[in-house]
Structures are given as C-alpha cells and as structure tokens.
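To start, the structure itself, in structure tokens.
Labels for the chains are A, B, C and D, by order of writing; each one numbers its residues from 1.
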C-alpha cells in the first residue's frame, strides 16, 4: 500500500515538479512570478490538440510542432508584454502576468469554445505495468521519465553550455552580466521560451487524465506554484523536490485523511512551510539592507 | 484658492465649495435614481455598488498597505454564505447577519494576515490564491453549503421593511456603499491610514517611527476582508442564489482588476475602477449586440475563432487593460482624472 | 605631457537620477597607457560617471557626449560597450556568487571566441592572483572580500579591455590587501591597459595614478597631474587628512548672515 | 551626566563576515557623539542593532536603564530613539506634512474605530489631528520647510528630503537621535545649515545625537566625542582632536603613507 502511495505520489509529483520548474526558471531570471504559466501550457496543449485532430498529423510531428510553438509563445509574450513594464514593482509584474493569463484564457475559450475535449495522446492512462505488486499506468510512467529526462537536460544545459552559464549569471546578477557583455534581454526571451516548453510538456502529459478545456491548468498551476514556493522559488532543485514532496503529501492526505479535500493540501502546505521558512525549504533568506 | 484659518480645515472631508456642490449633486442623483431609472439599470447599479465596497476594501490592502491578495473571492464567498445561512438556518435578522458575516470574514482575514506577516510579493500572492481556491473547494463539498447546487437566498428584510425587488434592495445597498466608502476615506486620512501607507512605502522607516507593522498588516487584512464579506452578503440578495462557481479565481482577478483600473491607493479611484470594470463586465456578456464592434467581433469569430466562445472576449479585453495600465498609466483612471483636472485648471476661461 | 589622441573623451555630460542631477557638466580626457583617478567624498558623483560611461544608466547621460577611440558610445548598451574594449570592475565586487571562480572568469570572456586565448588569459590572471587558482572550483560567494575583489578584477580583464574602469577597488579591504590590490593595478597598467579609477582612499589612489580629478557635488573642482594635486592645499587638507585650522570664522559669518535674513 | 546609551560587547555576524566585533561604548546625555570609519566598517549595522532591525549575536544595548535587545523596532521607537537612514527612507508618495505626521504616530491614540468619526470636530481623531498638526508646524518652522509643506517628498531635491527625514525623526520627540550620514549628498550651503541645526537640536531641544558621518570637517566641528571603528572593532574614542590624530585612525581611515611608515619602522 505504502509503496503504491509513493509511486502515485511520484507520478503526480513529476507533473507538479515540471510546472514548478517552468515557474522557477522565469522567477530566477527576472523575479517575475508567472501567473500566466498555466494558461501558456493550456494554449500549447490546445495547439497540440489542433495539430492532432484538425490537421491529422502524426503525434511525433504534433509534439515537435507544439514544442516549437510553446517556445515561440514564451518569447513573444515576454517581448510583447513583460518587457514593456518599466521599473516594475512585484505588484506590477503580478498584474502583467495575470493580464496575460486573462488574455490567453479568453483567446483559448474564444477559439476552441467552452466545451470539454478528450486529448488523444497515444499513451494509455488505463493500461498498466506491474512491478512486484505495484501498479503504474503507461502515462504515469512516461510522465515520470519525461520529468527526469527534462531535469537532466536542464542540468546539462546550465552546467555545460555557454548560454546556460550566461543564463545562470543573468539570474544571479543582472548588472554584472551586462558589464560582461551578456545580452540580458535575449537571455530573458530564451528563458521564457524554455519555461514555456517545459510547461507545454506538463500540459500535454496532464491533459489525457483530465479533460481539455480552458481551465485545464488551474489546478496544476497552483500545485506547481505551491511546489515552487515550498522549494524556495529560486532553486531548481528545490522546485523539483517541492513537486515530488507535494505529490507525495497529497496522496498521503488523500489516503489517510480525506480524499474529498485533497486539493486544499497545497494551500495548507504553502502556509505551513512558509510559516516556518518564509523563503521556502531550500532557499537562503536575505535580509534587506538599509 | 481660499485661505485656511484652522488646521481642522486640513482634515475636513470636503475642502472647498466646489467639492461641496459636487458632493450634493452626487447624493441627490443617488436618491433620485431609483425613481427615474428602468429596472435593468438598477440591477446594474446594485452590482456596481457592491463591487465598489469590495474594491475600496481591497484597495486598503493592496493600494494602501502594499500587500497583494488574489484570494478575495474567498472572503466574498464567506460573507455571502454566512449571511444566507445565518438567515436561513438560524433566522438571524438581516442587519445582524450581515454584520456577523462581515466579522467572520474579518476573522478569516486576520488568520490569513498572520502568515502574510512573514511573506511578501509573490509568496503572499500565491498563499492568498491558495486560500481563495481552498474556500471554494470546501464550500463546494460540504452539504450544509448546498454543494455545487448552491443556496437560494431568503428575502431581504429589515424589521417590517422587506425589499422585494431591485429598487428596494438598491436603498439598502446604496446606504452600505455610501457609509463604507466614507468610512474608508476617513480611515485613510488619519493615523491608521498614514501607518498603512508608511508600511507600503518603507516598512523599515515605519517600524523605526514606532508603527507596529504586525498589527497594521493584519489589521489591513481584517478590514479589507470585512468589506469584502459585507459585500458578499449583499451580493447574495442581488443574485437571489449563490453557488461556489461564482467565487472562483477569475472573480478574485476581477476584483484586483477593479483596484488596478481605478488606481491603487485612492478611494475615488476605487469607485471609478469598480464602476468601469463592473459595467464592462455586464455589458460585454452580450458583446455581439453592441453595434459596430459586436458585428466585427462576430465576423472575426466566424472567420478565425468560434462564435460559441465569443463571451470570452471579456477576458481578452480585461487582460489587455491590465497590461496597458501597468505599461502606460500606473495610477489607472484616477491618474487620467488627475491629469485632466490639471488640464482643465489651466484651460483659459 | 604627450598630446596623444585620448582613449576616452567625456564632453560636458549631465546625468540624472530621477530629478536629482548627480553629474553636472563633467568633461575629461583619458590618455592611453595612463592611470587616472577620480577623488571625492561619498555621494559626490564619482560612481555615476563610471556608470554613465559604461551605459548602465538608462537614457543617460541627459546631455553631453562620450567618445571611445573616436567612436561615440553614449546611448549604447553596456553589452555593446564591453565589446568595444571597456572593462568594468563595479563597486562592491558584484561577482556571481553561485558560480565557481572559474565560471566567473569564463563569463568574463563571454564576448570572446578564441579558446586558446581565453585559456592563456586565465593563466595570466591566475598569475596575478595565485589564490584564485587554488580556489578555482569553489563558489565565488564563499570567497573572502579581498579574494572577491581580485576575482572581479580578473573577470573584467578576461574581456581583454583597453580601458578598465574601477569603482572603489579598496572598499572594505584591510590596509594590507589594499596595498596588494594597488600593486596589481599598477602592474596591469604597466602591461598596457589604461585605467580609470574611482577612490575614496585618496592617498592610495594618488600613489599609483598619473592624473587626478577631484569631484564635489557632481562637478570637477580640480584636475591635474598627481604632482599638482598633491601640492594643492585643499587636497592636502580634505583628502590627505593633513591638519589645518578649521574655518570656524566662516561658519560664524554664515550664522550672522542667516540670522540677518 | 549619566550614560544615556550603553553598548557592551556587541557582536554581529553576516554569514562568515564579522560586522561588529565585541564593540563597547557609552553615550552621555546631551552630547553629540560621532562614529567614523571606512565604508563597510559596521557603522550602519550598529545603528540597525540599536534600532532593533537586526538582532545582534552577542552583547547588550542599554538605553535609559533598559535593555533594548529583543525588543521590536516600534517598541524601541516608543522608548524615545529616532533615526534617519543612509539612503533616505521617506514615504515618497506622501506630502512632507504627512511624513512628519507619521513622526507623531506614537504620540497619537486614535485607532480604526475613532477614525470613522473624523468629520466631527469634537471627535478624538479630529482633535488629535489638529493638535499634532500644530506641533508639526513648529518643526516645519524650525527646519524652514514651509515651502515643502504640501509637496510630495519625492518631488523635493535631495538635500530637502534629508531635512524632511530629520524633521520626521524630531517629530517623534526622541531622547536619542541616530543620524546616518546626515550631510551626505548635501552641498556646502546645506551642510552649513545642518551644522547649526544640529547644534540647536542639542542645545535648544536637549536631544542627544549619535551620528555616522563621513565629512570630517563636519565631524570635527560639531562633535563632542568621536568613536572610530574599523572591521567592527573600536580603534579610538575621545575628543575630536585626539581621535583625528590617533595613529590607527589615520592608518585605517584617513589613509596612511605606506612608505613613510615603512621608513619609520626601519629606523
């Protein structure tokens, strides 16, 4: 029973971890808490749906097309909206991303209507693999592997590529990055692109278990956000761990306390974690200097 | 400009004759309005007035104290459900019920304000967002609250007076709105209000001047939750029924939009913002009927998007307005109003 | 004094922070191969000049022009200015705390493509600061203040600048470390890099510099060779801390004037 | 004269950096006590410890016979310690008047409930507002801020902003005033005005001043005693002349001629 709990927790946690990672990548680079993250992923998922259903392309092509679309979407949003705000406060940034959220939510609803659609990913949610009494669906397995793979790729990207190191430098010290010749505006655009791609993957993996409608990513968004906050908002490792932790806690709560109220666990977790560690579990706390 | 003779004139509500005249005209208009207006507009104005209460309260938190909340739909729901249930199950009279509901919301606001003491910026936003979603989840799943079907609101009665239609509810709502807006204005102009703004502008300096930050931050949360709770209670009567879907994340964002559109940190702006956003929100529900624009949008929908999804145009527009305000006019409508006032002052008469 | 083509020419610039005019009409010329020092108190506007030259202040300078080797650079972004050959060692180090020492230096060479050259320059910098070689794999945030300053200088050198702008390199360092840093500054200069230095530690600065400017309230009030500055009685009194009778009389005259008003 | 402020063994770490290192000193009632030292020597950290923004790792701070460590900043302000900040911390979207009124915060009582009755002239809030406004006018007159009275402070020039901050601290009617680089960014004229105001604050208002200041001329002219610190440690303490000529102070702060000292050592 407990082993199964861990498996289920890991599966759903992988999804949260992906959303959290997408969030943290942007937050680290520019301190923008991206409330549009969920809708960006939702729109990308719809794009995949459109390719699959209306254009009848094979799902490999659809997936690739979706990733390209997601990357472009992220860069375009950053360029069109986020960059326009001059000397923004935290509230300004939240409002801008909420504005983008509304725009994307509205556009998706306008384009594809409010009715719920089934997302035809050719990986089964019901067929299962059995390993030593533990059961896991093909989709969950794919999600877990995809999450691990992406984390590995991200790690390699930040560790070994010049642009990855430049991105880390930009995250840590904007001004210092500029005086070393890093074009921080480009870096920011790429950051949004990468984040959007990660979100899109989460969306495509999540859609089959839910139904595709404009509200698709609301729940994963707040869970991902909660995971990111638990991890500390500016630690990639923290975000991933936060995701798994939240998935696990949620399943634990669902099993032993109440299945009905499982979805408020995220809120309780945020409040509890932040009460004891205001900057998250895996992050240093900085005092403001005067 | 006339000369001041007394410091009291500094703290008065209406500073000169022009303001007094405008204020008088406003009151007379509000009194006469139900006698001359068609029913539909009374519904609209009720809806706007309730949003004014929320926006004023939320602005005390966001605009004045500089704390963010994306969970005010939660307080709105608490107020609506508490008022309705108190009246339905315990037969508490309306005025008492709505006051209790307000204070209940304030108590939740205080509780949410406690973790908020240690959080700032995005952390606070996400915690409050989680709160709002938690409230609707709980309401939707507990049988007492009527689950997803919701509850029917009882008739609004104060003693022998029973408000049977929008016109009579108008009287009650307008009194609440008027008094609560005035109260907020008084609060912002005195010691408490200054302390709130001080926390927003520089919490460190505020502390060093003896402002108890913990007290005022939780106070701001409680007051703003009280306003929202009372407004929620009133909204139950305007709608006639309540269910959890009314109080979702989009509602919270809409409240935030009202504050931002009106101008963070001004009471007058809150009134303007609530009015404009509420008006647009109602009007755009049938956007296809607006001449010109409506036809164009229908054409656009047929050609590229979908006609069944056209109501979503509201979200797109509101989203763009929010972004527009941050980029071009941080003070929102109030900022535009200030500028035009300066323009007219120098206009050659 | 040679009348070479100046490497950097600043013409009458004005820089604003919001409504505050931090630099009010400053002009200067930096000759190639020299060390120039700008002296002045806290808040005099020294750092602002460097930031303006570096293009770090948006939409500034408000007036005036800046030329680097006959190319006009005011209005350009810092990313472009670095590529032209100006390096910057900012006040308070501003290193990348969570990158290793080596990664910090590599970021410094971000604008370059020649791998062999980068490796050679890195060795050269390890030659200046052997301690950095020892700490190569360590996160820069764990270094001491002095080591971080060395790293900041090294990082700026990695872009192979012709002109190096240095903002308060001695800030918060012990006297011994200050001496080390200035020794290196002189050595870097002798290897052909022109240096513009902003310092509060006037003695140290004047020791290594060839030319100096004295700044007060956003303006240059004195300029000249180091020799000339050292002999100036005001510099001696205010910046080199040599004692002189304080002008109490001046204050009293002021007080009378004020009362009379 | 009794010691108004007594700091003992004060120590504060930031990560691995020792910002204050067992620092001890006493400030007498009614004096102007200046603290000098190079940037990063721990001066502002010291102020932040006294005003309760930082909690020191060790040591004690006794003010007027009461231990300050562990108290919240607003409690410390209520006890009569006001301060200004190195990089002006004004409430920039308020007028000068409102900024100064915040200085009266601890002297006022009215809360939310009372505020609701502001329009009535007899209400507690209205009476308080009027009375304290009158008090503020005295400070405005004292610092000659009349023209700035109803302007937003963010539209004032830097020097005036520093004065508003000083005025706001005075409005608290403190026993002890902590000034963090009061003359930084002022021009010569403003600096000389400040010199007189500091003396008036000390002599006419009887407020004890502890001041961090870089401008040596200002420090020398106005201080009764000077404390020089470096790396969080005391270098010297005493009357201005004595401290300015102290060899350690010259070495760490005023800048030392290395070759000369080397020459002296060799002899």
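By definition in this document, a residue touches a chain if its C-beta (ideal position, glycine included) is under 8 Å from a C-beta of that chain, and two chains touch if they have at least 3 such contacts.
What you see is a predicted model; the values in this text were computed from it and never measured.
Novice: Which neighbours do chain B and chain C have in common?
Specialist: Correct list: A, D.
Novice: Tell me, please, which chain's centre (mean of its C-alpha atoms) is farthest from the centre of chain C?
Specialist: Looking at centroid distances, B is the chain farthest away.
Novice: State, to the nearest whole Å, the distance from the C-alpha centre of chain A to the C-alpha centre of chain B.
Specialist: So the centroids are 32 Å from each other.
Novice: Averaged over CA atoms, how far is the centre of chain A from the centre of chain C? Could you give it in whole Å?
Specialist: 43
Novice: If you average the CA atoms of chain A and of chain D, how many Å lie between those two points?
Specialist: Centres of chain A and chain D (C-alpha means) sit 47 Å apart.
Novice: Specify, in ascending order, the residues of chain B that touch 2 or more different other chains.
Specialist: 204
Novice: If a residue has to touch 2 or more other chains to count, which residues of chain D qualify?
Specialist: Those would be 53, 85, 89.
Novice: Which chain C residues sit where two or more other chains touch them?
Specialist: none
Novice: In their shared complex, at which residues does chain A touch chain B?
Specialist: Chain A residues touching chain B: 27, 31, 33, 35, 81, 84-86, 88, 90-92, 94-96, 98-115, 214, 218, 222, 225-226, 229, 233, 260-261, 263-264, 266-268, 270-271, 274-275, 278-279, 288, 290.
Novice: Note which residues of chain D are touching chain C in the complex, please.
Specialist: 16-17, 38-41, 154-155, 157-158, 181, 184-185, 187-188, 192-193, 195-196, 214-217, 220-221, 231, 244-245, 250-252, 254-258
Novice: Quick check on the complex: what are the chain A residues that touch chain C?
Specialist: 162, 165-166, 168-169, 172-173, 175-184
Novice: Along chain B, where are the residues that touch chain D in the complex?
Specialist: Those in contact with chain D are residues 6-8, 10-13, 183, 186-187, 189-195, 197-198, 201-202, 204-213, 219, 223, 265.
Novice: Would you tell me which residues of chain D are touching chain B in their complex?
Specialist: Result: residues 51-53, 72-74, 77-78, 82-83, 85, 89-94, 98, 101-103, 105-106, 108, 110-112, 114-119, 121, 125-126, 128-130, 133-134, 168, 172 of chain D touch chain B.
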